[in-house]
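In what follows, chain A forms one complex with chain B and a second complex with chain C.
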Partner chain A sequence: MSSRLLINKTYKQFIGGAFERSESGRSYPVVGAEGQHLAHAVQGSRKDVRDAVASARSSQEGWAGRTAYNRGQILYRVAEVMESRRDEFCAEVLRATDGCSEKAAAAETAAAIDRWVWYAGWADKFPTVLGGANPVAGPYFNLSVPEPTGVVGIVAPDEQPLLPLVSRLAPVIVSGNTAVVLASERCPLAAITLAETLALSDVPAGVVNIITGHRDELVPPLAGHVAVDSLDISGCDSEQGAAAARQAAATITRVISASTAERQWADEAAQSPYLIDAFCETKTVWHPKGR
Partner chain B sequence: MVFGVLSPNASLSITSPILGRVTDLLAVDAPVGAADAVAGIRITPVDAVGLEQRAASLCTRSIKTSSKAAALDLAVRMMDLTTLEGADTPERVQALCARARHPDAADWSVPPVAAVCVYPELVPVAVGALADSSVAVASVAGGFPAGLAPLEARLAEISWAVAAGADEVDIVLNRSAFLSGQYQKAYDEIAAAKQACGSAHLKVILETGELGSYDQIRRASMLAMVAGADFIKTSTGKIGTSATPPTALCMAEAIRDMAEQTGRAVGLKLAGGIRTAKQAWHYLVIVGETLGSGWLTPERFRLGASSLLNDVLMQRAKLRDGRYQRREDFSVD
Partner chain C sequence: MTDRSSIGRELEPAGEFSLDYAPAPESTAPVRLASQYGLFVGGEMVEPAAGGMAPTINPATGETLAEVSVADAADVDYAVAAARAAWEGGWRDLPGSERAKYLYRVARLLQERAREFAVLETMDGGKPIRESRDLDIPLAAAHFFHYAGWADKLDYAFSGRRAAPLGVAAQVIPWNFPLLMAAWKLAPALACGNTAVLKPAPTTPLTALLLAEVLRDAELPPGVVNIVTGDDATGAALVSHPGVDKVAFTGSTEVGRAIGAELAGTGKRLTLELGGKAANIVFEDAALDQVTEGIVNGIYFNGGQVCCAGSRLLVQESVADAVVGKLQKRMDTLRVGDPLDKNTDIGAINSQAQLDRIQELVASGVAEGAELYTPACVLPERGFFHPPALFTNVSTAHRIAQEEIFGPVLSVLTFRTAEEAVAKANNTPYGLSAGIWTEKGSRILWMADRMQAGVVWANTFNRFDPASPFGGYRESGYGREGGRAGLLPYVELVA
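Right, the complex of A and B next:
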């Protein structure tokens, strides 16, 4: 009988398709539901935010340029890979959530996987539903097409480790946006495990970047960054969210926050094509109509 | 290791007491050819591992706040804003010149750059656009980028550019001659180019990416300086390998040795592949540490670049506004 040492995982940030420690070299302890030490997570800095935005920016055009069908396939692939690591996600959720039963952890994991599948299906359908040919008073075609806004900053909600994050992330990237996610400060580990599945799921490097660390330090540089086009402040408390919205307004960044209905994470209300639309800009094209 | 033979030069005779010390430094081999006028020079070898390590350590220097602001402005003031494309039009050059005067249209506190660098044909356009400004006009000439046009044609091109109003001329070292060991020929051509330049400043591009080793870079640096170069420059920007920190350090050390032995201060121009503000201030550190603050002026140090300026402006705007900037908000040309 050998007594071998456990080899613990180092939870690193996910920037530009690579797992990296913070430029600042810092980390912070993450505790579980019962106050037990789970791991040290990277304590990201504003420079990590800057690097993540740069990588999201440079990969956005290529991601949006993929066919909708291909983006749908890739989102479905994320679900496939998560499914194969289901037990790991369940354990991750269980350890991080206060008063969570095994059954509840399994349900959250299953819902998160299914949410990817749900949005994967929307990839080549939402432009038809949200856009279309508009009747106008003249001899013109008038077509509306939803297009991704660009780089989206997401402050992930703290309530649960996995499902809220997936619920906010999937509708952002399905349309061709790229994302810089500030993982939940309290329970960031599942986000990094999710990043590991993203890295294996044909999601191009830089499309999703995940930073862990302290909100107070990370939200301001993300909200103020000129290259961030939309900002989801669902994970901010009201004071922090208001400050972030003010900063975002200075650079004409769209600000979105989850509604009360959307915060019922396990409900169907938490998933909606209108959530895809929230991170899209409608482009309208006029074209003369022939005889 | 025979460096080659050097012919006497009106302005820089190697038999002069000053240059005699350079030959001491580089060690004198048996003279070849006419004994009274020529001598062979041996180049001290370069410790490649030490050079790369020192360059790497200088590039870890952290520069913050007010020092960073000063470094960014210094980098702008030292910049040779360059466009060397076959598709360059007079209008494009005029736009570049407007940027050279006021690099950031939204912030006129940004100082003008040192020079605009163009092909000879476009020198008159740049001269016209930069009249009554502090920005100099530099022209590549001498069969850029290969330097393998007939010598008469190269010299004629240099004279033409100078007559058209170029303040500075960037020529290329004849690598064909240098790499085949015809050091005398390479030297003579640079000396002839110096004469053709007249009062204009002569920058000699070594194209370090093609020289093969640091020893060769040091040898080419010495050869160009002794032949009369006012500046030695790393690259044309037309090949894959351009300025690197060890190359810059190697050339800076050659310049330092030249200055220590002869008192003659030769400038350094780094070009090609310098795209970020961080790279720029790393080079400032290398030059400052090797050559001293006397070289941290546009008269003795230049950064040749086309895309560097925008990154510097972005960093400057970050310092000013406190928020990270977006590349698309800065002008393409």
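Right, the complex of A and C next:
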């Protein structure tokens, strides 16, 4: 038997393009499908959330200012890098998911990669489909375009480690939003592995920030943060989601949650240009016509 | 009726010539007011359960126009049940082409009775007849006409998705554009196959109640639209009613926050159209005479009681004096007075409470050191009136530069570079509208990209159209009204 000892990975949070432990110095054990110890994940703090929001805020204008073609290529690059590390994602999903077969893990990974490709293609098309010229009753040029809302807080769903997260994240950032993701508390490791692929995919630092830890501690500072412009509470239970929505109401932050149909994560229904739209504002510009 | 000759305005000569206009009051003959109004529920006018009534007054005279029902929780419950029954009893299953025909009928009936609606709108709300006649009522009819056409074309509205109705929509509307806001709410809701309970504002219920007549004349099935008049408690009972599937609210950001908190965790869909503090940005190369008219329209339209009013004038330093001079000269010619007079530019403020708020904020501007200009004009002795006002020497920290005044009060600030204009324009929690004035096309587009605002008017201001989405960024709310985007708040998209 080979005597070489494996090098285990330290799963850190992803904030502002860097992999960092929590400022609080805490961690929590993550167990696999059969109760085996997998790793210690960072137990993020409210200050980590605030740092992540600050990072997302400062990178938002630049990300939204990229051309649609550029954002599309970067999302496609995420798929390329994930594909090259497909075995690692499959193993990650398999270890984390109760009763998961290798085939199911492979299917989830493939679907997650394909979802990036699908949304990559929308980057330079969704404004055409969602916006356009409005035929107003007067001599005016009038055009509506969807624009990103800004910083989006995403509470990632718990039911699977990878595909739900990608399904909620990709439509948020494709339009030029930046994101602060609270990874699944139960299965956060795939989210950090995803962060590693994002870091290799030309996604600018701060566009996606991923915090791991306890939901009860992390959702309130995210939902109540004045710089968060939209909130996806798909990963919250009903009580936690209601509390988050009450907090969000104080700053008129829109709150979105995946519908039952969208939670069929592998289905066509889980991906939609209207999910991009849900995290966009419509801006309408008028100008008179004249000689 | 009022003796209108007593409300005439007198104009101080504004320089070398004087403009005197003979009174030209619009006739109130088309309006037939009842002394009391019930609630419109299940296709009939019904008495409120507890019998609560409140007067609605003409803000230009203080006279009571009629007594209007104040719906309580039991009345709201009854109205929601009627809306539910109408939805389940057929409206949701009616072919879109048939829903369309009802809405076309409503549009046509509004057009037929446009003058009556315009006069009543002006009597109940205080806005100049010129505005209710030329904007509010025609646009309300146009909204019904526009959305009528969507009712049987929803399959073409959303790529790869089918649009299903939500159920019962609770709709709470403000007093500044009473009938128009009713149209903005009802037309898309009905087109998409929902039924509705509409709650008009306490001070302006009469055109909504006249709309009930139109809906009956259009033979709209009973219960598809229910109209419950009342106060804030009525509105609160409606939005929190468990039988409601969707809430649409237009009004203050403060109430919007409360509704958002109230609805948290209920699964009800919510759209909000809230306050604003729009920047109207003037660059030195703009056509300054055109700009002057645009600024006046931006802030004095409907007496500034407009959520998207251009209440912060940002003017490039090099032309600030010239623009303010032109503005003051133009303000001197604005006619404040009888809203029913066809020459009136600024009518009555909607209520004593609103006038108090405007006066309080104007006083704060003076106290904080800004310089106030108002033209010399004689206000009517009765009713609620405020002259057009303009503040210079305004700092961004002043309350008049930050808070929504909702009155004919303009705050002037200056900037040097386009970057500074962007920073100042976006320096507000609101994000409803913005104005840009420059002759340089590339600058318009550069600025428009950077405005955190749902509607950007370039070289124009305060334009509205049923085909054009309207709604805010940030604390001005979420959701759009108008156009295809205006359908989304009233449908569930299914694969």
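To be clear about the criterion, the second predicted complex is superposed on the first by the 287 of 291 C-alpha atoms of A that agree within 3 Å, B and C clash if a C-alpha of one lies under 4 Å from a C-alpha of the other, contacts with A are read in each partner's own complex, and residues count from 1 in each chain.
Note that contacts are C-beta pairs under 8 Å (C-beta built on N, C-alpha and C of every residue); 3 or more make two chains touch, one makes a residue touch a chain.
No experiment lies behind these values; they were computed from the predicted model shown.
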Exercise for the section: Label the relationship between chain B and chain C on chain A in the superposed model as either fit or clash. Expected result: fit
Problem - Which of chain B and chain C A:A269 touches, first, second, both or neither - result: second
Exercise for the section: Tell me which partner A:A18 touches in the superposition: chain B (first), chain C (second), both or neither. Expected result: neither
Practice task
May I ask you to decide whether A:T251 touches chain B, chain C, both, or neither, giving the answer as first, second, both or neither?
Solution key: both
Completion exercise
Superposed angle chain B/chain A/chain C, CA centres, nearest 10 degrees, is 80
Practice task
Name the contact category of A:P221: first (chain B only), second (chain C only), both, or neither.
Solution key: first
Problem - First, second, both or neither for A:R57, with chain B first and chain C second - result: first
Exercise for the section: Please work out whether A:Y140 is in contact with chain B alone, chain C alone, both, or neither, and reply first, second, both or neither. Expected result: second
Problem - chain A: partner with more touched residues, chain B or chain C - result: C
Fill in the blank from the handout: In whole Å, chain B and chain C in the superposition are separated at their closest C-alpha atoms by 6
Completion exercise
Dual-contact residues of chain A, meaning touching chain B and chain C, are 250-251
Problem - Of all residues in chain A, those that touch chain C in their complex - result: 129, 134-138, 140, 142, 144, 149, 229, 238-239, 241-246, 248-252, 254-255, 259, 261, 267-269, 272-274, 277, 281-288
Handout entry: chain B-facing residues of chain A, complex
Key = 49-50, 53, 57, 221, 224-227, 247, 250-251
Completion exercise
Given the complex, residues on chain B that touch chain A span 322-329
Fill in the blank from the handout: Note: in the complex, chain C contacts chain A through residues 142, 158-161, 253, 256-261, 263-265, 272, 274, 429, 444, 448, 451, 453-460, 463, 465, 467-471, 473-478, 480, 483, 485, 488, 492-495
